[in-house]
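One chain, chain A, links the two complexes that follow: it is found with chain B in the first and with chain C in the second.
The block that comes next holds the complex of A and B.
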């Protein structure tokens, strides 16, 4: 597109033809699905040297710092940690991590191996994250969400033996297609479907379900072409494939392995997904290259006060000791409410009540390093995720370094809220790792022989967030007053978005907050 | 289901038998493990310990710490040792069930009996010497009409 920016064109279309035309134009440009991000923010107009204090150097704070400085503001960033990124975080060889309670883990992974304790995969429609990766030169690679050769596992199904996703998925689809096709063919659904649709439906079920001419889902080379063979096709004298036997419907249903068949299909988990090469914190480092000079690290905010003339923040210098004060005209506060609620502030009663009632989610992750890629070498699993009803809930195989020799790290578990997260949180790291090994060995017996080292992060024990993501008591009621500018302070972060716990939510929240703040600075 | 419970119990028993863990963190893990019965770990959606110290060790100790001293980071987890808010059970019961500030509600993963047991445990542990006065009725009163729903992973 030349001579006119896409954003400007969309504005013209929107103005001239109303929102429906705008929507269709956006769809045509591929931007209307998923995230609402529609290209780099434009903060036009001169803020005349106004200063903004940004609290927190996670993705929301980093976004605010980058864009506000570009718009002509003086920007100062205070960050509790010793580096940028917040929950956009990677643990790799040589790192040490001390959780609340004092347990310190030193990561002993081989060079290049890592764990992303927080965000670890980026949906293809999280346009803002992807655009910042593009602008910041962050190299991405595919994250393998769905692998048909990964496992589905329940302790009480198939004698505890893990099953391949491709078999369960193909058989479930085949059997349900057969049932529906036969019911339609026998006229049992005639009051629900027209004659024309009936014919088309039967044809679609045959195609999608891999049914034979009698609408049967049966053992054949056709169905094995999807679910896998007893003996695969080869060459020469032994070329002939031998079909496999589908698992019967009753067994499939009874196994409950269908629980996970739609897991990969949500908008936020559909392939293509991405991960930054070398670890998620490549995004944080990309931002830090741009705005690192604005950030004061090791700054623990203890007070946030505002009045008619400005904002005053008191903070403790945890590296060198002593109490400091920073002042500004405005403040973008990205401190998680789990922490902000414990900081002295004079925010409005409405905002305070939201801050004080937002509890935080627990989540636990493990990075387990093994001496060799047994999941690839022995089981032909290249990336992807196996799901289980065990408390670890899943095992995710690395989406990089395929076929390479030497140690590799897999995600040994990932819990999300619930009783298990609480119980893992109450364990020491050594206990947590031991339990993850014990459970993981039920799916991969090689675990015990090949285990090298591990690291685990429980988000309730992460000192700078005290939790993983914010949970609203009553979002519908409280949302507007929580995102509103409170005199000179506006809050931003994943907790103030409709994409909670996603990096996209943090960035969109920040962009929206600084747009409104900028408008207020210019126009009052 | 029975098969699963058995296998979970086995896992926990193996865990408890590990000598390496007993040396972790100056004996803290040993204390926790010794306090915990195998069946306390990983019931489906709820905590299965019955005794107050079991429930405390399986859940509360994660943030308030095994010794009840709490923890300090960018924000704090309050100490329960010497905490005057524990004098009357109705206050901690309400908070355990419904959460407070960044603390999630634990009502959904605990039975009335477990809330009573753990409340009385924190009223009488870590040097606290309050009269344990938790009741099932107080827990039922504290429970919200609309229990917490869970959301999907990220």
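The block that comes next holds the complex of A and C.
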């Protein structure tokens, strides 16, 4: 790269021609496609000592604090909890957590084991999260989203016996490739494809579907090389492999296990995915190393008022008692709308009505610790996720410590909306764990013998969010109103992004909010 | 699991009914499908002080040494090299390697960077390798085989511009799903599928192919969620995503990039795959910790003779000079046939003719170190493999140290047979590296600016193997002869397995060989 840098070029294009031109330029340069983040934010110009009060030290608030201080602002952060991160949170041995309703869980996992109750994986295209990890020295390791040896399970399919993803995926692809190839070969699609394309199409279907020379998807060592053998190839005298028998198409279709075949193929779930080594809160800790000195913890905001001269926030010091007041010229409010709606404020009526109508998802997660990695030792499942139609929806195996002895924690369930979550939310933690064991044992019979301890988080009962992520009543109508600067206050967070429930959404929302705020501070 | 254990049950079945019954039982229990290894070998019965001479301390020899000593044998191992591992080999900073022809390379990588010139990845179903890693305390991390953001590249497609795997894969799947769905919907395949299956088939194609309600695969936010957006979803005011335009089917077909679409789907390449932390030779070191005391290094075998009373091996002490002799009752010979054929021996004529006719693959590999991870920083490729029709065939990005600053090593090419390997083999190491840079720069223009240092191994020039892996002249005719015990000598190694070139094949071959040898020792 010589002369003018790509980033500078993009900035010029963006400034001169507006955002659409910039996106087209980015695409032409092959750098768009994922998150819109393309490098550290530049907040040029002197804010002349203006002070910003940041409410909430989750990723949106932490990002705002870091970047605004770097741009020359005086920054004060108020955080409800005793530490930074918000939903970027990890529960590990010795941690105590009390949910709404008063149930307290003390985590009894073995050293090094943990549950990320909130965000737990980082897609490869969440460039902002990845860049902050790089800048903050947060070490990442692969999160194993797709594991071909994991299970697909439905209670009403295959007698309730879990099937390997590799078998269902290979067989569905094989049978459908066979159908299309034979139809093409027989001329049935001559009105749909050109004669020029026909040969290459047939060849590609043979490759992708593992078809034989007659375009058949059949029992063979070739197809077994994809779906698994009955007996795998070995060494010495007993080397010869024995092919397995594909499952017929009708059985695959009836099973409905194909409903999960595209799950790992979305941009948000394509390999390579990441997780921070040791737990997601390594990101929060990375931010806290930089801006921890700006944060007042145990500060429960009770009132947010603004007028022409500034912003006044009243808060309760939940550690030492007493009511305090903080003032500033501007405010970045990252408090979830579910909580903000219960705080006294004088935000505009338009913004208030969005705050009051935003519903929050009620996700539930379980971390279950077992005496040994039976999923690895007995079933050869190393990381990845098994999906089920049971209310737990999935079981995700740890993407670290592979093959190690001793206790390990798996994600025993993850529900994110609908009736299941409400049902689980109504249970005590002990009941929730009991039910997750009951369901999980239908997939892994080892559950009952090997279970050691567990922890479960129902996000509707998390005191500082009252839910997992924001859901709009009418996003098209309300979105611009909610993200607009409301006099001296701008709101930010995952709820104010097109990547809801993802950390990337929280950071991008924050970067966009502080850019606009900075512009307003400088230019009015 | 209560009462009789699964393993014990399988042992009983295996003992009582022979191996076929055991495989069927294993399949019924859902535990076959991959490698035939199902747990540590049991060599019961007292060998009464019999001595076995193991030739070669690669994985086959190391396995034999470990298990035979555990079974009560006296074991002596002779190894040509100065350390254990054979092809299980890692080159790192400070290492010196002299290939046949006399060219010496001194590896100048930064601390922690390395190249595995031989085996470099471990499939999830290579149960023997994984179990030895577990037993030997070898720490594993994921090897990122499939990365949807890696490239597919052909010089004659898309003007030589690399394409993202996610785009080609999603578009091929989408277009073929559309063709099949529309044909089915229009009744063109009514003779091929039942009315009962029709609806579920259509639904499954919509899911897998990301089709709209008219079974079309079209530009939309839905399809962009799989193939990538033109502008990804963001936060705040600029949140709205812009869809990307799928590549049309004819262009996809013409490009021939679909030839790689099944590459990651084989049993040997399905995620989850592993690599040892720090380099593949961690496995060799793990074995050496256990059986290093049995190994004489720098021992170049020059003669292998057997008679009714025992085995006599003559070897040259290449470290201290001089010719030595070792004797034993039995011999496990893991010397590659490419080398064994050049050693004086009195093995049977049948075995000798197999030894003399086995050809060895001439794989070539490159480790190229660059000043920074431009593939991550500029192109968001974290691990995985880009494929190309250029003679280097592929570029594999490091599956460790993600997002870290400083120099990193990628695999700059991996050829495994055919003309390319011969051509590269004829070059000096410096020429080979120059050519790999030339080719690689067509995929990553950053190559020339960022290149730091490199090392390359052409396996036909590796003194202790003279090739990468064995190729049979006539496997069907010769295999049983070659694996049979030849009086007092049994051969083992990847070449005597149905998993050639894989470490699993070497270990399984060895386990099978020593089982038969042990049986002969006990029962004659």
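The rule is simple: the second predicted complex is superposed on the first by the 497 of 524 C-alpha atoms of A that agree within 3 Å, B and C clash if a C-alpha of one lies under 4 Å from a C-alpha of the other, contacts with A are read in each partner's own complex, and residues count from 1 in each chain.
Rule of thumb we're sticking to: a contact is a pair of C-beta atoms (placed from the backbone, for glycine too) under 8 Å apart; a residue touches a chain by one contact, two chains touch by 3 or more.
Bear in mind the structure is a predicted one, so any value in this text is a computation, not a measurement.
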{"item": "Partner chain in contact with A:382 - chain B first, chain C second, else both or neither", "value": "second"}
{"item": "Which of chain B and chain C A:207 touches, first, second, both or neither", "value": "second"}
{"item": "First (chain B), second (chain C), both or neither touched by A:266", "value": "both"}
{"item": "Touched partner set for A:465, first chain B, second chain C, both or neither", "value": "first"}
{"item": "Comparison of chain B and chain C by chain A residues contacted", "value": "C"}
{"item": "Partner chain in contact with A:183 - chain B first, chain C second, else both or neither", "value": "second"}
{"item": "Touched partner set for A:277, first chain B, second chain C, both or neither", "value": "neither"}
{"item": "Touching partner for A:442 - first (chain B), second (chain C), both, neither", "value": "first"}
{"item": "Chain B versus chain C as contact partner of A:423, first or second or both or neither", "value": "first"}
{"item": "Which of chain B and chain C A:338 touches, first, second, both or neither", "value": "first"}
{"item": "Chain B/chain C common contact set on chain A", "value": "266, 268"}
{"item": "Contact set on chain A toward chain B in their complex", "value": "80, 100-103, 119, 155-156, 160, 266, 268, 300-301, 335, 337-339, 341-343, 356-363, 389, 391, 393, 414, 416-420, 422-423, 425-428, 430-431, 434-435, 438-439, 442, 458, 460-467, 469, 471, 501-502"}
{"item": "Chain C residues touching chain A - in the complex, by the definition given at the top", "value": "1, 6, 19, 23, 26-27, 31-37, 124-125, 127, 130, 133-134, 140-142, 144, 146-149, 164, 166, 169-170, 172, 176-177, 179-180, 182-184, 188-189, 192-194, 196-197, 200-201, 204-205, 207-208, 210, 224-226, 228-242, 244, 249-250, 253-254, 256, 258-259, 261-262, 265-268, 270-272, 274, 380, 382-384, 399, 402-403, 405, 479-480, 483-484, 492, 496-499, 504-513, 516"}
{"item": "Chain A contact footprint on chain B (complex, rising order)", "value": "1, 3-4, 7, 11, 14-15, 18, 20-21, 24-25, 28-29, 32-33, 41-47, 57-63, 65, 71-77, 99-106, 109, 150-154"}
